[in-house]
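Shared chain: chain A. Partners: chain B in the first complex, chain C in the second.
Let's turn to the complex of A and B:
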């Protein structure tokens, strides 16, 4: 990994180049923008009057804009790009119809932009994690289908019939997204169901997105990158299979708050499911330690492997925290507080983003034919890793403080809000580090993509200069 | 797993289960919910909102109020309270009747003044027994069902939220955050439109240590015409506009306030019983129920 140039990419990597450039490049830009919105939202807790005059950046719009850009701008396209490359590589086949996938990727980014404009101008749907307005949702769905058709084609025409765990995770993640996204858009935005059924559908969607789709899409990368970079085979396929099945079975029942105005059994099912998620979390812990641990490992100082390992451990931590918070006794304290926020942010930034960074840093040099300097990757790691912890952990602490006061009716409400404010302000520091990390990431991805084109241009130029008419030569 | 179809089958089965449970079943159970009748009055509930309040609901959604304010009340148990309203002609008789029907209520009963809260009993059946016994002895008593829990003690609502409460909401937003207070009963606890408008313009004018951002873009600052506008905000001190200017709410602000004032959830329903407070004298003032 020290050479500055890699061997020229093989045909499989070359076939993924244009779609992955479009997916990864756009996503890196959205990530940086989403951090900017995240910071704008956080400013509310430092000085509520600061951005109050600006309708676009008021908390109730900056926050959903952040969420929209993180999930749909950064998360989905990056995961999809990594998934395409994994399916092509593991299936030993070139990506099918990369041109159309590239078109789909560009259409997707257009949809994200339309959704963003809708949200900041007040057209948000009002449902969390699905704020994008109906017209943007249609664009995203079409773009997603355009890309995934060729993803499935690439999979089914594969030359290598045996399946590796990453492939299950990619396929299930794609399948999951199509189902939950279409259900939520149809039942919440196209033909809205009535009354609390809306809340049930929205929570079902959010639960599946955060507790199934995110782990599936992320672990596909983890199970590929970990063995690859630590030079050992995946410890156990059966454990991976076990994780796959349990995440799908239990995760899909999470999402309903304990206290919600829904039939009581729904909350109870969700608490139980969240508690059962501890099972795949522990299995993941064993798998990660057994695969990437061991004495002869080169120490990890912020390379690509660190991203993947840290990500996996944060998923375990977030899942354990979610299980604790779902227990009805604890839920009375943590529900409605910053604790939930902290747990979700740990999942989003600590696990999902970090794991996808690992994927991009592993894949992008291979398809662009340019090595990225380890120092650039390390710089990103040492911003993003502490950033995600500094963002999430204070919110967890502040959430418990806030929750204990909320549960005691004798404490005036303003005091419950104040109890968390200091911790929320500390977490802004983490948000700032993450934003800086996002800029480094954008620079890294941009550099890799541009340097490919620069090399291409240089080659064209030398070819053009070296070219001489045959008649003259002879 | 050896084949792709097995992967899809696993994913399909798992997701189909959860889709059935959390999407299809709630739709079958609650999707065709009709307006209910309040108990015991028998009024239709919920009542559809006015046009302006419905527009306000759109403003509420578009500004993302749900990211700080929940609209769902939880409840931890219920207490049943018996209140003696009249001792009739024979106080001693009533006292012995109470002693017979519910001994622990009689312990504190002095009968010196009515109405007098006798105490709490385990359930409505016991309370009804006591009331019947008192009535037979010539006295009168009432029973109040008082839901309990931190949300209710904070006076965010009078009872737990149920599916009926959201029936006429175009976009249902129960919310999962309480960075600001719950708004289930905002129309009852903060019934003044002027308070609401001031709070939206600059929260610190009415709640000095508020953490809420203001929404000045819902208001217009303009030169005072021949006469000051009747709906100009009564601002003073640091919040006051420059001399000769006034701050008036836009239609959006008016609609949002109409919506906030329409937020009430205190109708007693069969599935969430509550005894409304006796008189409308406390209207507009936050009063602890206990």
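Let's turn to the complex of A and C:
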């Protein structure tokens, strides 16, 4: 730890400051709250009576609140903020109209709050990853459009014509979100389609959100942070392009369970696509290892680079697990068990959150002009990393066990359910670590933002003090 | 740990670059192998986008096998359908529209197919047909139908059964006639034309019931 003050930020970083403070700051708060709801939801497995008196904290509300806050409270704004900064930096241009983006960011947080209130008062839509009621969805959509207009402007007025892979990923992620979110809200909440189609749309949305949007938004950061921090160029332009195309192509078909009560071709097509996702996963592996691996690399002790690397590897692992689970033999065992949940949580916490943390820890010091102590980052890493593994891995193992027991007619259902609780216990331990990590994160982000204002205030004061004698003298 | 703080913050900071290394060949090979097996898997289980097919069933014919079957003759007619595809569809097409350009009349809307008694059908399948024939108001004269029935494999009994099956399918499917043609009846008709050599003509057929 050398200096606490960095050289003052350049014009590009300064232009991103207010929108990113709004996006990152709010998101960090939502993440902490989301973890709290996650823990409350998990408590129902251990002691159902504990929170039963409070309707807000019952599973049916706490779980959707957790999901809503994680995706819309934390994920989308953090990714969008990182995307804005990447477009500005890589395009060598100041963010366009940061004031309106800031307004959009605040409106977004209002939308998240409205959605949360809707969910905890029993107004949830009941669709996974789209729990927010439709009035909240409208606010979110408007806020998103308000922000992305200026994101596109920033991109199209860029001074650097050459494109870097991260830029495609950011833009595609933005487009993808607009597309899937508007379609799902329209077809599920505004003019609900009927019957089987409803389930199909809901699964389509979830698949696209988890298997296309998360990778696109996350890898934009990975492909920037990895080469930059390891001081090497990104290994291959073509591999990045290959990942981009295959994720968009195959990922958008994933999501329908093989055994779902849908026409057979949907599940079969989906599981084929999930198996094909192995290819971009391996490509990502090559890219990560070749870019940031090698003997001259210092070991990972929990810095920004470790967040990004761990995140990328967890995406690979989660994708491989999803591909294995898509095989018919495995699907018969794991589908509709804790396994799926474990795979998704690995994707959310292991990959997506970790990657976004890397982005924020990389970006925030640059725009605030304040250094963050590596100890604080490390503390977060050593809570979040084991936390995400402890959260997901027991569910994966427990899911397989549960599936085998469910298939065994001699084992009563009650017993299967009871046996699974053991795994859920371990995983709740992981969730607790994650929640602690989220608090550290909130403290880190809050500290960076506040210390910026404190420094600003101090400078104003000293300026004011230094100025007076000058005036007196003249 | 290499800290990013050693670099100046702001626009002076060096942005990452990317090299143009090619994609490894094995990755492409893997993609195509997976695509191949994916397509194969889909073909086996996917039901070809038919909204009626739900797991664990694989295709429409697969579903049909599980339908409660009240028709005792279904298997016989299905056998006839298979034989029709193998022996007749080259000329009359799977759909029965025929191939008028080559003098091959349609079986759809044909008075010969709709004809109540099956004898003529058995005869023409057995020995073939030549010369002018009027089907649905149109005269066909340029083609000759071969003695498909006689050249079917098997002894006389088997031939008769196969011809009866084909006739049953054609009459049901293109003629909307209920019931089936009994193999015994086909055998009897064939016994009656034992002495006839060469193709039949439409005139010959008219003499039969």
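Definition applied: the second predicted complex is superposed on the first by the 466 of 474 C-alpha atoms of A that agree within 3 Å, B and C clash if a C-alpha of one lies under 4 Å from a C-alpha of the other, contacts with A are read in each partner's own complex, and residues count from 1 in each chain.
In this section, a residue touches a chain if its C-beta (ideal position, glycine included) is under 8 Å from a C-beta of that chain, and two chains touch if they have at least 3 such contacts.
Model, not experiment: these values are computed from the prediction.
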Which partner does A:176 reach: the first (chain B), the second (chain C), both, or neither? first
Taking the superposition on A as described, I'd like to know which of chain B and chain C A:282 touches: first, second, both or neither. second
Between chain B and chain C, whom does A:150 touch in the aligned arrangement: first, second, both, or neither? neither
Please work out whether A:381 is in contact with chain B alone, chain C alone, both, or neither, and reply first, second, both or neither. neither
For the overlaid complexes, name the partner, chain B or chain C, with more touching residues on chain A. B
Chain B versus chain C as contact partner of A:72, first or second or both or neither: neither
A:301 in the overlay: touching chain B, chain C, both, or neither? Say first, second, both or neither. second
Where does A:261 make contact in the superposed view: on chain B (first), on chain C (second), on both, or on neither? both
Answer with first, second, both or neither: which of chain B and chain C does A:199 touch in the superposed model? first
For A:253 in the superposed arrangement: first (chain B), second (chain C), both or neither? first
Overlapping contact positions on chain A, where the chain C interface meets the chain B interface: 259-263, 269
If we count contacts the way the header does, which residues on chain B are in touch with chain A in the complex? 1-4, 7-8, 10-12, 14-15, 17-19, 21-23, 26-27, 29-33, 61-68, 70, 72, 74, 150, 153-154, 160-167, 169-174, 176-181, 202-203, 207, 209-217
Chain A residues touching chain C - in the complex, by the definition given at the top: 2-3, 6-13, 89-90, 92, 164-165, 223-224, 227-231, 233-240, 242, 246, 258-265, 267-269, 272-273, 275-276, 278-279, 282-283, 286, 290, 298, 301, 303-305, 328, 362, 365-366, 369, 371, 374
Okay, in this complex, where on chain C does chain A touch? 1-5, 8-24, 27, 30-31, 34-35, 37-38, 41-42, 45-55, 57-58
Which chain A residues qualify as touching chain B in the complex? 44-45, 48-49, 51-55, 58-61, 63-64, 122-128, 155-156, 162-163, 167-168, 171-172, 175-176, 179-180, 183, 187, 192-204, 207-208, 241, 244-245, 248-249, 252-253, 255-257, 259-263, 266, 269, 335-338, 340-341, 406-409, 413-414, 416-418, 420-421
